[in-house]
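Below, chain A partners chain B and then partners chain C, in two separate complexes.
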Partner chain A sequence: MRINFWYISSFIISLFVIIPILTVFSSFFESTSNYYQVLKDTFLMEYISNSLILLVSVLILTFLIGTGSAYLVSFFNFPFSNFFKWALILSFAVPPYIYAYSLTAFFENYGTAYTILKNLFGEGNYNQSIPKFDGLLGAVLSISFSLYAYVYILARASFLYQSQNIIDLGKNLGFTKFKALYSIILPAARPAIVAGLSLVAMETLAEFGAVDFFSINTLTTGIYNSWIAFDDLAFANRLSFFLLLFIFALFILENLSRKNAKYHFNTKAGFKQKEKIQLLGKKGFLAFSFCFLIFFLSFLFPLSQMMYWTIKFPENLFDLNALDLLINTLYLVTLSSLMLIIFGLISNYGNRVNKNKTLNILSTLSISGYAIPGVILAVAFITFVAWFDNNLVKNLGFVSIKKVFIGSILGLVLVYFVRFYSLAYNGIKSGYEKINISVDESSYLLGYSKRKTFMNIHIPFLRNSLLFVGILVSLEIIRELPITLILRPFNFETFATTAYISASEDLLEAAAVPSLFLILIATFFIIVTSKYILRDNNE
Partner chain B sequence: MRKISIITLIFSVIASSFAIADEVNVFNARHYKADSELYSKFTNMTGIKVNLINGKSGALEKRIISEGADSSADLYITADAGRCGAMDAKGALQGGLTSAAIKDAVPKSFRTNKWVGIAKRARIIYYSPERVTGAELSGMTYEGLADPKWKGRLVIRKSSNIYNKSLVASLIKNNGKAATAAWAEGVVANMARTPTGNDRAQIMAVAAGEADIAVANTYYLALMLSGKKGAEQQEAAKKVKAFFPNQNDRGTHMNVSCAALVKGAPNKANAVKLVEFLLTPESQEHFTNNTFEFPMIDGVSPSPLVVNNLGLDFKQDMKTKLASYGKNQAAAVEVMTAAGWK
Partner chain C sequence: MNKNFFEVKNVDFNINNKTKVRNVTFSIENQGDVICLLGPSGIGKTTILRTIAGLEKIKKGSIILNGKTLSSEEINLEPEDRNISLAFQDNSLFPHYIVEKNILLGSERNKEKKDKKISLDEIVELLDISKILNKYPHEISAGEAQRASLARSLIMQPDLLLLDEPLSNVDQSFKEEIQVRLKKILNKLKITTIIVTHDSYEAFYLGSKCGIILNQELKQFDDPYKVYHFPNSVEVVNFLNRGILIPAKVTGKNTLENLDLGTIEGNFIKEYPEGSDVKLLLQPEDLEHDDSSNLKLEVVDRKFRGTNFIYTLKTSSNTLIPVFVHSHHIHQHEVDEKFGIKRPIHIDHIVCF
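Here is the complex of A and B:
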């Protein structure tokens, strides 16, 4: 094993990402409890059951919405089916917390629904007859309508690869459409659907904004509160432990489902392009209605509620330093995605040329950052920097480094890096898997150095993957809340933090303007990138 | 070229962390637009730049404590004496808010040497005049919220809310923990719904007929009446009336927005100056007219919207020290949780 530049840099990158993750784990062994045991047990049960209810409900809902709509647009032609194909991913632009603001704004007493009813039917007390979507129900809806697109995208991609042959097989066996869906199409797409659902599950467990807005006690808000409000690290760790158990179980489930996927299609030989079934009349209308309803609820509804408020309370528009916020947001996005792409590339290449077991394990571990909620990462980062500073830097007689890392752009970008490293690493890895290793060998034979192979051959090959990773990471950072809230410098706000702070101060109307900007920017990113997300061929 | 620009970028990021100037660093958990206007005024007057980090109180407190002696925080400004008290209990504050200007302006029970109140609010009862009679309300107290006659008629926020924690802490201070535990059970039994929403949502629940009485802070009703929240909420606010409890004994529960001096503050003198500035009549008037709080100092009148709709001559509880809200906070949480207050 030769130690070279690529090995060392991959090693350092992975190690850096793992440190905060290890900090979370290692703190399981500390004990600083000063809080009443009885209360803790009460809370613990509540946190676990709320998290479970939330998780299961969101999974069911995103499965139904995501696979249902993917099935319709993949197998059928109906009015506007080509439009829905990409319109259904726009829900990504609306983070769960903004969806939560919209739900509250519309359905609360004397809210938008009340105004509409009053304008239609005149004075009256409609408040009692308007359903209230708050609490756990509100959170389930907010998260589901924002995240179902994960399931939709992956299920659709998998449906596309299904050959007409197996559909014909079902037909020959006399299967009805429902039977074909149930016994052929869904099982064949299972690994993709499970992968989508596990992403949803991870995001749901880590969800902070919407859950906090409805003040529901889940494991994640519980960790935040016991760490932050009660200074009870031991209890926070116990909660983290349960949360990680959940996540671990999800990992295992996902892996099992991949291993059990026995439905391999040889896409090269015998692949027959699917013929989409034309849905006419009532059936076409039903399919259209289903997709429109989802598009409306997931995107048009929050967008129009935020627009309505922006118009109703225009003073908030003028009070907002939109340009500053835009610059700040883009600054973070550019810096972080550049860093993630560069280091993701180096680490991938390091793994490729070295094929070293230790490095491989380290890389696998380092992508688990995505499974750890942002709140926990941010606090773990502060804890680590403080510990490092107090125990090492100061003892060696250096000036405190806390200010360099806490409350600085540098610290912020570093924690983003840890959190989203898996997105970058895996995105680039899947691009790399398409470059045959023989390409590298030919390159070496031609006398190219490792560096030259990397710069002149791999990077041009990977251009599309890199763009896709960049956009994916950007979308995450535009919407990111807890890390930015905890670690940002003085006088530094983004659209997300401005919206959140206004909303938490009971100024929902003022939250509408930054929310609207956030949705529009994210929508722009999604539209620009939709052709990469929705690739129709096997590229 | 690309390398140079990346290196420059990295250095500018690091360098920006070390800028030094005549400034004061405020960790701010009060996010009223009116406040930032006041800070600009202060900068114009004194030349001292006010650096803000806005956030929710919990996260700000955690950051101040984690940064410890190296924290850049000078002042921590938040909306509840319970929070300032809790920070004090954690040893994150230092004495020094003892200038004559501060002592003259703020009554003794509303300050310590580490934190002072900068604007007052009362937590009161709102009721529906259609469904609640004068006789029912006569002599009403916080203690009376547990009376079975309110069964299914009361709305109040979650127990995790700091205003509720401070209210219950003051009850523990006055009546003892055992009596307050029994009281909390009575309150939970009277609730018209599982607690949900903010203070304004409680007032609107009474307006909409979901409940007959609500507990909420004073400035919310004025805010709704001002029309800043839209015509519908203005209309809703007119359907409820305010009632100040405990007029026949210690007076209505008062709370403050407070400014606390952080231990290790790098700009201590500037921080004291800013607090003194916030206690001047001009600043106080700015608070009362924009956030509809009560002034901390004598000689400034609350907003006309507050005076006309809530009344002015009510007896404030000046006896219960606000420092007790922080001290009894853990007990308050314990009492509420044990009673099943969500």
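Here is the complex of A and C:
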């Protein structure tokens, strides 16, 4: 084993990212305040059952929406099918909590729905007849319409790689379209769909904003509340442990199914481009309606609701210091994505040049950060800094370092780093996998050192991957809520936190303006990257 | 001390902790010599090149270039410090640069040392790659990529050039022409080169020496003529597919006796005591056709090979013997017909085992 710069840096990066996970696990065995006992007897079961109900409902809904729309756009031609192909991923621009605000704003008493009815039919007592989407139902809808795109993207990619051959085979066997879907197309895409659903599941369990807005007690909000309201870090960590157990089960599931998925994508030989079936008349209209409904509900509806309020209450626009928020958001985004890209690159290269088992295992573990809810990461980070401060720094006679890491940009960016490291690492890795190892060797043989190979050969080649990763990370950070909420410096706000704070003070109209900004910026990022997200060929 | 330009001494070549070729010793005498390593696929030829280039380490023996030890149990010079170029068998062009840039990257090395013995234009012309210069590696064919990669290695003018199956993806029709050009340019530039191939004709043409690697060993290392005519083991005979081994008895200083063919005369490569039983290497060009001969064998197969026919003949003891006949030979013999062999049989170099 050769110890070199690349080895050491990859090692340190991976180790750093694992710290929060270790913290959560170790604190499970620490004592906690009495509150734990109280909660164990009363609320814990509620937390768990709410989390489970939420999870299962969201999974069913995202499966139906995501797979259904992916099936339609992959196998059929109908009016605007090419538009829906990418329009359906715009839902990513609307985080669940903003969706929740829109739902409430529209359906609440004297809300937008009421106004519409009033304008159409004159004054009336419509409030009773307007359905209310709040509580658990509201949370399920908000999360589903925001996250179904994970299933949509992965299912679509898998459908795309299905060869015309297997469809012809189905026809040859005399299958109807439904039978072909049910017994050929779906099973072949199963790994991809499961992978998409696992992502949805992790995000659902981690979801904080929407769930908190509808005042549902889940494990995630429980962690946040026990930290905010009771200042009980140890308990928060214990709840985290339960949540992590859930997530690890899902994580393993996802990993297992992904291995299969890879097997699917690599078979290029014998691939025959699918011929899309033309849907005409009523069928075409139905397919169009289904996709349009989803597009409308997931994107147009929240967007127009937020626009409507911004126009209706223009004073909020002037109250909001949008420029400051924009600068703050961009500041965080730039700093974090730069850090993620640089360290993701170094770590990837370190793994590439040192074929070392320890390092390999460490990197595999380190990318599990994405599976860990932001709330847990933030709390674990605080726990770790406090422990480190109390046990090491103070004992050695140094000044407390808490202020450097907690409630500071540095701390915030570090936790973003842990949370989104896997996104950066895997994104860069998939770019790296396209560079044949003999390219590195040729470079050495041309007299390039390892550093020069990295700088002159790899980085230029990975330019596009890096850009993509940067934008993906930015998109996540713009939408991110709980970590920012817990760790941001005093008076430091982003669009997300401003929207959250206004909404939690029951000032939904005021939440509209930052939400609208957030949606627009995120939409811009999605449109820029849609080419990569929806890659049509296997390049 | 000897003054070989390049030496491999008692080296075990390993990949992934598995020994592929054991205890290899060979040398290249003069700077500018070209040698070939020949052997079946998967035998470890590539491993040898990778090790010489410094991409794999050794635990036994030593590799010395121009008096400097590159690899040994203790020493391992990094690949970038060796000034050895390896042209990989698969496409190893930098995917984000066009072909021209890829080739020019090679010329950056040794800039100061070179007295510009070859220009980009020359090399492009030589390998006929002018049409692909502005293309990206994924836009060209495997054969083109191989030539581009070869160009990059050549323009680098390394101390030692290693070519791994350099023409395996080049079209057959174009291959011979490229071989001629390659030989010319290597001669002109005086680049010491090791070529790995499984094509014996390529090896015999390009190499001033050939090494045959079989069963984890370097079986024979000699000039092509000797390897071809005096294979030193049964394995080499079988690998080169040079002919068949028939049982014979040594009957004198210059004679052997075979049951089916009778007396065979010629010069023994190695001396055998009279009366000993040996296996005689019988090559297709050893026997001559003669319709008037009384030694007649049955034709069981006839292959047309362009310049010649290969007749497969069956002896009375059911041994199958290949015989070359020039294709301009006036008449042909059909299967099941009899075929006369000129007697007495004379073989210039008698190879026995």
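As a working rule, the second predicted complex is superposed on the first by the 512 of 539 C-alpha atoms of A that agree within 3 Å, B and C clash if a C-alpha of one lies under 4 Å from a C-alpha of the other, contacts with A are read in each partner's own complex, and residues count from 1 in each chain.
Assume a residue touches a chain if its C-beta (ideal position, glycine included) is under 8 Å from a C-beta of that chain, and two chains touch if they have at least 3 such contacts.
As the structure is a computational prediction, the values presented were derived from the model and not from experiment.
Colleague: Given the alignment on chain A, is it a clash or a fit between chain B and chain C?
Modeller: Once both complexes are aligned on chain A, chain B and chain C fit side by side.
Colleague: For A:Asp319, using the defined touch cut-off, is the partner it touches chain B, chain C, both, or neither? Pick first, second, both or neither.
Modeller: A:Asp319 contacts chain B only, not chain C.
Colleague: Under the stated touch criterion, which partner chain does A:Ser502 make contact with: chain B (first), chain C (second), both, or neither?
Modeller: first
Colleague: Once the shared chain is lined up, is A:Tyr444 touching chain B (first), chain C (second), both, or neither of them?
Modeller: second
Colleague: How many degrees, to the nearest 10, separate the directions from chain A's C-alpha centre towards those of chain B and chain C?
Modeller: 160
Colleague: Based on the superposed arrangement, let me know which partner A:Lys434 touches: chain B (first), chain C (second), both, or neither?
Modeller: After superposing on A, A:Lys434 lies in contact with chain C but is clear of chain B.
Colleague: Between chain B and chain C, whom does A:Ile382 touch in the aligned arrangement: first, second, both, or neither?
Modeller: first
Colleague: Would you check which partner chain A:Phe301 touches, where first means chain B only, second means chain C only, and both and neither mean what they say?
Modeller: A:Phe301 contacts neither chain B nor chain C.
Colleague: Quick one: is A:Ile457 in contact with chain B, with chain C, with both, or with neither? Answer first, second, both or neither.
Modeller: second
Colleague: Determine, for the superposed model, which of the two partners chain B and chain C contacts more residues of chain A.
Modeller: On the superposition, B touches more of the residues of chain A.
Colleague: Examine A:Leu335 and indicate which partner it touches, taking first as chain B and second as chain C; both and neither are also allowed.
Modeller: first
Colleague: What's the minimum Cα gap, in whole angstrom, linking chain B and chain C in the superposed view?
Modeller: Value for chain B versus chain C, nearest C-alpha atoms: 23 Å.
Colleague: So in the complex, the part of chain C that touches chain A is made up of which residues?
Modeller: Checking each residue of chain C against chain A gives 50, 53-55, 78-86, 88, 90-96, 105-106, 108-109, 149, 152, 156.
Colleague: Across the complex, what residues on chain A touch chain C?
Modeller: 434-436, 438-439, 441-449, 457, 460-461, 463
Colleague: Please give the residue numbers of chain B that touch chain A in the complex, ascending.
Modeller: Touch list, chain B to chain A: 9, 13-14, 16-18, 25, 30-33, 51-56, 58-59, 61-63, 65-68, 70, 72, 90, 158, 160, 194, 196-201, 204-205, 207-210, 220, 229-230, 232-233, 235-236, 330, 333-334, 337-338.
Colleague: Can you tell me which positions in chain A touch chain B when the two form their complex?
Modeller: Per the touch definition, chain A meets chain B at residues 35-36, 38-39, 42-43, 108-111, 114-115, 118, 125, 127-128, 132, 134-135, 214-215, 217, 224-225, 227-229, 231, 312-313, 319, 335, 379, 382-383, 386, 389-390, 400, 402-404, 406-410, 413, 485-486, 488-493, 497, 501-502, 504-507, 509-510.
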